[in-house]
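Here is the structure we will look at, set down as structure tokens.
Read from first to last, the chains carry the letters A, B, C and D; within each, the first residue is number 1.
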């Protein structure tokens, strides 16, 4: 890995600014590991819940122009087994890891945090924004400033790990939510979770294509939305941002860096370009540094803030 | 595009009490070993290997084992389903001497393979195993191909008595094969691999699949992290030998590790 | 035009259920006319404001995966000249026309409505949802249930024409807004306006690509979002819905009909498929009616409502 | 894709006091008559016809007339701009006798056309008009092409005195041309069309452009509704003859109709 890609994220050095996002390839230690082998600088576990979840009945994914709808439904083996997978990953790799957790309220989040404290994860991400369990849990927590504040504060009080709040794009003002998370002590933000959700209908069967009817939108068409929200939030907060949504090239990654993100997630693009996408984007970033004369990834400047 | 398409079932062939072949009139570009994801819009979307596929039609052969496949068994020609695919890796097409070792619903994809091998000029030997002779799939279809064909069951009805692995072992001792292909219960394949040494061989390996496009990570195998929906389901011997979970455990819809037992069943 | 496409929309018969949406090809009478010649069943004027607007400085459009960002900025010659174009269109065509108006509050909307009363338009659409004049006018009206209710009621009190409320997807619960519009007397809804807005950054110039920085997202990637919102609103309201967002084929149009829309807008797809897109979609719908055995467009049933 | 690309200006050629040619090292697939949209990220994105275009480079020639083009005049080689395109219709390439009638910044796209006509084996005659001889664009470039070339200005400096339309009229009387091409002030083209009768002819016509991809409707012409960014900017005589607004009015950024005056200026 070329020196130029090294990135400091909350005091931890990453070999590459590329992040494997929550829910993508993160079901098993070997899934995480192969992404590292392909060039990811930091990986995120599947969002873990207290009890195991098999997720929604299929179909759980459907291709749409510019991306995919998914309604995985937070399938995961539960916190205990999930942390065991993480431990196994950590035995094999020194690459930093984010454990993502999902809960429905403050107390459960605190409980999960206490368990995560005893894990070998490096960072704790709060999934406040899953759009695919609406029927079960209602509007995502990330839609409420108060809830986000309360949960982040409660988690911060007990967490041994730096805390990342993952927010939803499906809100009226993401900046308000981001400010609440920051005020509550979040160490970083992760923007953005999937959009919508959206829906597809099979006109011959006269049924929704996804059995859960609705699914969050990810993939290339998300990029302009993600950039706008990251830029808006970056203009208001001081904590670092993990940017994601539709990234599929080094150019895209640099664009998101200029919008204000510090490190960059690549999820759905794995479908379009294979697991090699991490290494390819690393290389494309290196090429950009070379041709543009920036010393390093970290030296790439963001746009001027909106509210400067 | 993962090319979702909605189709009417053109025809259904009852193979035995709990196995049916569903035929679709649709040109699918698929290779032997590849699979489709199929849903009937009533909950569940499941992977099935192609039993054959040409410019006009394709078919999958399904064993009714649980809620989804049992509901499929109640469908009639004309009913609507939707498929995505074909997905995954496919069998290498040898042009010399091939041994195909199949068991249970692993046999139909080997039938698709046998046809393509014959087209490529290979000499094909098939070992088709099952518990009981009633459960032997595709006997007549294989026979009509004119391959060297062996039935084998636990009880010996309509063929030899024993296991397909034993028979394959005998054949491997007496003849030389350029390529061995196997599909069926994982413990069967696990026994077979012990006999293979440096024999070139490919395995059709199954894991729980959801996205089928290499994103969700549900189908990865330890410790390599290969995704069976992309890098699999067809794997080489060299890959399978390095998969520590092969024949040992697999992951369910929640990602729980489930052990394989001697009887080919799964317990937590 | 085949009989099967005939559609009754608020008592008016359309030769085709395809709508030219506001802001697309609607700057001049001849732009509207050529869309009718290509098969649109009803056309919408550019959103007219009281005073003329030149719109934002360019670039005002940027292609993204699955669609386009635009920040036209409500350019229009002002209500007076706009109504003159409409009159000229009406001299040449019997095709029904929707006049779209944009204002920032109740009083101005009422004033524009009074002028529209004297026009030759058939329907009045209230653009409550333009995402491209945020800097100037702030959060779209369509984000506030109270404002939507107030404005629609005020307009309904004075309008000679049936009133259509055009809503934004960029709200927490579009159903709440739709119910407010219905309660205030709206005759129909138009869903959806552009999404986001989004942003693109030129990494070599280190500048936003759109001079206005942000632009609303339209085009194919909008379809799943539009379908979900239309289906959700359809499940709650009784008034008809003009559906739009990413439609580019007869299959798409039928899908949106099944989500609950009565008639279907086609905007951005004109870029991908030319003005012929209207006739092509008409034909594809006819083919679908034929192959599926439905008697007519109107006979295509919607999905069961969510709240049945 | 409307193919946005960010480029450094490779070179700038000052043609006369208020006209510059901007050269870019970039392979653009464009035909004579087509245009690009260009922005310098400082507000405004404007259409400019290609003055030439080959596998290595392309160029646009810009007259500084307002805020955007005057700012462009202050740029230096190495400065960054972004372009979209090429867009729109292009000139028919005749292989016989062609007459090109240009005025003002309408001349550079005719230079691009002349090159392609010559490559196609046509015999090319050019009438290049301007108010003053200082404003004549591309004289030397045309001369180097070896075409039959005529300068004409109001004052007669460095060529004939008169208007390009008068000269074209004379040429049309004395010679037969297979095709006439014209680009320049709309009132010039309006005078020319009167002389053409059933002479095959194409016009490069301008309207206010924003999206350049045929959606916004700003560039449509009455009463046909043709979009000059898609169906134009190059139109046939038959089309132009049916455009009632030709030489009469055009629409500005707000859609206001603006009248053309005799002097080629625009008033409300």
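Heads up, the rule we're going with is that a residue touches a chain if its C-beta (ideal position, glycine included) is under 8 Å from a C-beta of that chain, and two chains touch if they have at least 3 such contacts.
Being a predicted model, the structure only gives us computed values, none of them experimental.
Counted as hops between touching chains, the shortest connection from chain B to chain D is 3. Counting only chains that touch, the fewest steps needed to get from chain A to chain D is 2.
Chain centres here are C-alpha means, and the one lying farthest from chain C is B. Distance between chain B and chain C, defined via averaged C-alpha coordinates, is recorded as 50 Å.
One simple way to say how far apart two chains are is to compare their mean CA positions; for chain A and chain B this gives 36 Å. Distance between chain centres (mean CA atoms), chain A to chain C: 34 Å. Multi-chain contact residues of chain D (touching two or more other chains) are absent.
Counting partners per residue, chain C has 204, 207 as the residues that reach two or more other chains.
Because contacts link the chains only in sequence, without closing, their graph is best described as a line.
Contact between chains, per the stated criterion, is found for A-B, A-C, C-D. Taken together, the chain D residues at the contact with chain C in this complex read 1-2, 4, 6, 37, 39, 41, 43-46, 80, 82, 84, 210-218, 220-227, 230, 251-257.
Here chain C touches chain A in the complex through residues 64-67, 69, 139, 143, 170-173, 195-201, 203-204, 206-208, 214-215, 217, 219-221, 223-225, 227-228, 231, 246, 251, 254-255, 258-259, 288, 292, 301, 303, going by the rule given at the top.
Considering their complex, residues 23-35, 37, 46, 52-55, 57-63, 68, 70, 72, 75-78, 81-82, 85, 92, 202, 204-205, 207, 209, 211, 267-268, 270-271, 274-275 of chain C touch chain D.
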